[in-house]
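Each structure below appears as structure tokens.
Next, two complexes with subunit A in common: one pairs it with subunit B, the other with subunit C.
Let's turn to the complex of A and B:
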């Protein structure tokens, strides 16, 4: 428990974490505001009759950039080397002196990042759906009992993405490459989506499977994966990656 | 008789040439430079292979070796963004900046020399990266490819090369302003991959922003009267680059380092 508190305190003291939190809330809600007003314009012109079933959810899929930064910075900050005049030290040596059990240290980190991303996802989902409801008014898709599992899916997707980013960075020990790869893959047309054009197996990559938890209609995609299967596939990816990361972390020199 | 030591004086031209040589030497001796450039080329070839396979299956909607071969550039540009940021921010890890400014106290000259050195390194690298995808696609498609004129190919390739080089310089300018590698990478990649494309879809004014204007230099855009032409795109992106470098120079002169 004290390890958990220590990790939470370290995480909260990083400026980039606060940027990540702001990005996680602002990116989906601002984009949702822009798209929702565009949709409203289309409805009043008569070009469209109803807002799409994925209104709001689509934007929440982009919001994971916040938890990507969170997952990467959460561990890469441990390996950041201070300048020579402040001793050239790294946080990780201090952390492992205080918590010698590496597995316990890693578990505390994972829990802190998972809890923070879950809270961030809940805040972001509430803000984004709120923006959609406010902008579209009565034309917004009604939020009902169907949306509860989908919103849970959003939270799961964000937590898993943070843990994926975390696991990759444990292995690389430096933040730039995981950030570049993962942010580039959050773009409007993702690399993994392009891969599904080549092989249907790419639908089972973590992000493509994970979005099935809450996105109902993927453009130009005929492969059907149920939300539960998608969630399980992503769980499997995250578990495997974290096990590899834990083995590497406990066996390598820090 | 003792000789009176004379202060070594050098002309401005010589000072500039020495600054450029120093910046080139720093840039070329960073392993990160070569790792980034090599990694970018490898990723570009892998993505170009993927796009070619998709093209052979007919799901790209075009059979032009040029369009398919250049499609991977919009992802591979991440490598050039990282290179620009690393060139600027590596000064601030471990106190290199103090050595640099002791040797070259004139800050505007030093930062301009850094950008020039970066341009010299990036131009051939960008040309090779751009050509690699097109050559690979053309070879794989063979006779199935739609024929394109060599003038068209040359125009597109020089457009991509200029786009990647200017994007690298913009990244270096932002890196010099932000000074922290991770933060600069997040800002730039977030803009190029998430904010930029979304703005492009929703706001007409976004076509004057650096990413969309730069895309117009080489990406086939819809034919309508208000679209930015390749020449206008090149001018716009050059203007953005000059403005950002000027802001970086100003900030660099006025702030503590």
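Let's turn to the complex of A and C:
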């Protein structure tokens, strides 16, 4: 419990974590605002009759940038090396002399990041769906009982994405590369999406499978994966990665 | 009591430590001295459970550091730099460490006062000078008011005032019956601080004894050190 409190305190006192939280709420909400007003324009022009079934959800799929930052800096901050003039120290030495059990330390980190990501996902989903409702008004797709499992899917997807980013960074011990690759993959160059054009197997990559938990229609994709299967596939990826990360972390020199 | 026995550390094909043994006793300041790259930090990192020894043991009391039920209240450690993330304030850094050991918040203010950082407590660690960073590192080590202090190059980066302060401080800790183990490559600064001396070079202990024993027939500890580390014998 103390270890968990210490990890929460670490996260809360890191400026980049606040940037991550702000990005987590703003990115999907703002994009949802822009696309919703474009949709509204199309509907009033008569080019479209209805807002799509994935309105809001699509934006929440892209909005994981916040939890990616969270997962990466949650561990890369431990390995950030001070300048040589300041003595070249790293926080991880302080962390592991305060909490010598590596497994306990890692579990506390994983828990804090998972809880924070879940809270962030709930907040982001509420604001994003709120923006959609406000902009589209009565033309917005009605939120009903069907949306409960989909929104749970969004929360799972965000938590898992944060843990994937975390697990990769435990292995690299450096934040820049995982941050750049993972953010690019959700926005500029969606490598995993492009791979699905080459092989249907790419649909089982963690992010492609994970979005099935709440996205109903993927553009130009005929592979059917149920929300449950998608969730299980992503769970498997995350579990395997975290186990590998834990083995590496407990065995290597800090 | 710190007991290091036959510590061997290999990295790749290189043997960094080739059977290090020595003790740090309560009520005494033990100086672990050697040139840069001699294996001082590696030894301390193994003692603190940060690195794994290829063979040999390093014990705090009778157990390895990682088995201590309440490490922060038993051992205070300071390694390179401040050991804090530069974006955090000094106070925020101490608070999370205190939280990990269930120490009260008031203790954070106490240690800031002890090391003279009260006024810089709400500044980011990135804006600290090296000396301030070292003080923060020491404040972290002191949080749990531990029986044992393990300090890697504690006077590095300190100004003359700071060095003098550190000396007095460590002498007082030892006088109250606690164990202090410090490493350094600076001999002159330490002759007045340490009771026992362990000299290490290229991963081997070259001399181990009281300050007088190690200084022996040489004029100063520094002379003894250079004689021992550049091929001479005691």
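Operating definition for what follows: the second predicted complex is superposed on the first by the 251 of 254 C-alpha atoms of A that agree within 3 Å, B and C clash if a C-alpha of one lies under 4 Å from a C-alpha of the other, contacts with A are read in each partner's own complex, and residues count from 1 in each chain.
Here, a contact is a pair of C-beta atoms (placed from the backbone, for glycine too) under 8 Å apart; a residue touches a chain by one contact, two chains touch by 3 or more.
Note that the structure is a prediction, hence the values are computed from the model and not measured.
Undergrad: Do subunit B and subunit C fit side by side on subunit A after the overlay, or clash?
TA: When both complexes are placed onto subunit A, subunit B and subunit C end up side by side without any clash.
Undergrad: When the two structures are overlaid on chain A, which partner does A:98 contact: first (subunit B), second (subunit C), both, or neither?
TA: Second partner only.
Undergrad: According to the stated criteria, A:173 is in contact with first (subunit B), second (subunit C), both, or neither; which is it?
TA: Neither subunit B nor subunit C is touched by A:173.
Undergrad: Could you tell me if A:6 is touching subunit B, subunit C, both of them or neither one (first, second, both, neither)?
TA: Second partner only, subunit C.
Undergrad: On the A-aligned overlay, A:16 touches which partner chain: subunit B = first, subunit C = second, or both, or neither?
TA: Touch partners of A:16: subunit B and subunit C.
Undergrad: Applying the touch criterion given at the start, work out whether A:34 contacts subunit B, subunit C, both or neither, answering first, second, both or neither.
TA: first
Undergrad: Nearest 10 degrees is fine: what angle do the Cα centroids of subunit B and subunit C make about that of subunit A?
TA: About 80 degrees between subunit B and subunit C, seen from subunit A.
Undergrad: Between subunit B (first) and subunit C (second), which, if any, makes contact with A:89: first, second, both or neither?
TA: second
Undergrad: After superposition on the shared chain, which partner residues are touched by A:197: those of subunit B (first), subunit C (second), both, or neither?
TA: It touches subunit B, and subunit C stays clear.
Undergrad: Touching A:139, do we find subunit B (first), subunit C (second), both, or neither?
TA: neither
Undergrad: Just how close are subunit B and subunit C at their nearest CA atoms in the overlay, in Å?
TA: 10
Undergrad: Which parts of subunit A are touched by subunit B and by subunit C alike?
TA: 16, 85
Undergrad: Spell out the part of subunit B that touches subunit A in their complex, as residue ranges.
TA: Subunit B residues touching subunit A: 47, 50-51, 53-54, 57, 59-60, 75, 78-79, 81-82, 86, 93-95, 181-183, 185-186, 189-190, 193-195, 197-198, 201-203.
Undergrad: Considering only the defined contacts, which subunit C positions touch subunit A in the complex?
TA: Answer in residue numbers: 45, 48-52, 65-68, 71-72, 75, 77, 79-89, 92-93, 95-97, 99-102, 128, 130, 133-134, 137, 140, 156-157.
Undergrad: In the complex, go through subunit A and note every residue touching subunit B.
TA: The touching residues are 16, 19, 23, 27, 31, 34-35, 38, 62, 65, 69, 73, 76, 81, 83-85, 175-176, 179-180, 183-184, 186-188, 191, 194-195, 197-198.
Undergrad: Which stretch or stretches of subunit A touch subunit C in the complex?
TA: The touching residues are 2-3, 5-7, 9-10, 13-16, 77-78, 80, 82, 85-91, 93-94, 96-101, 253-254.
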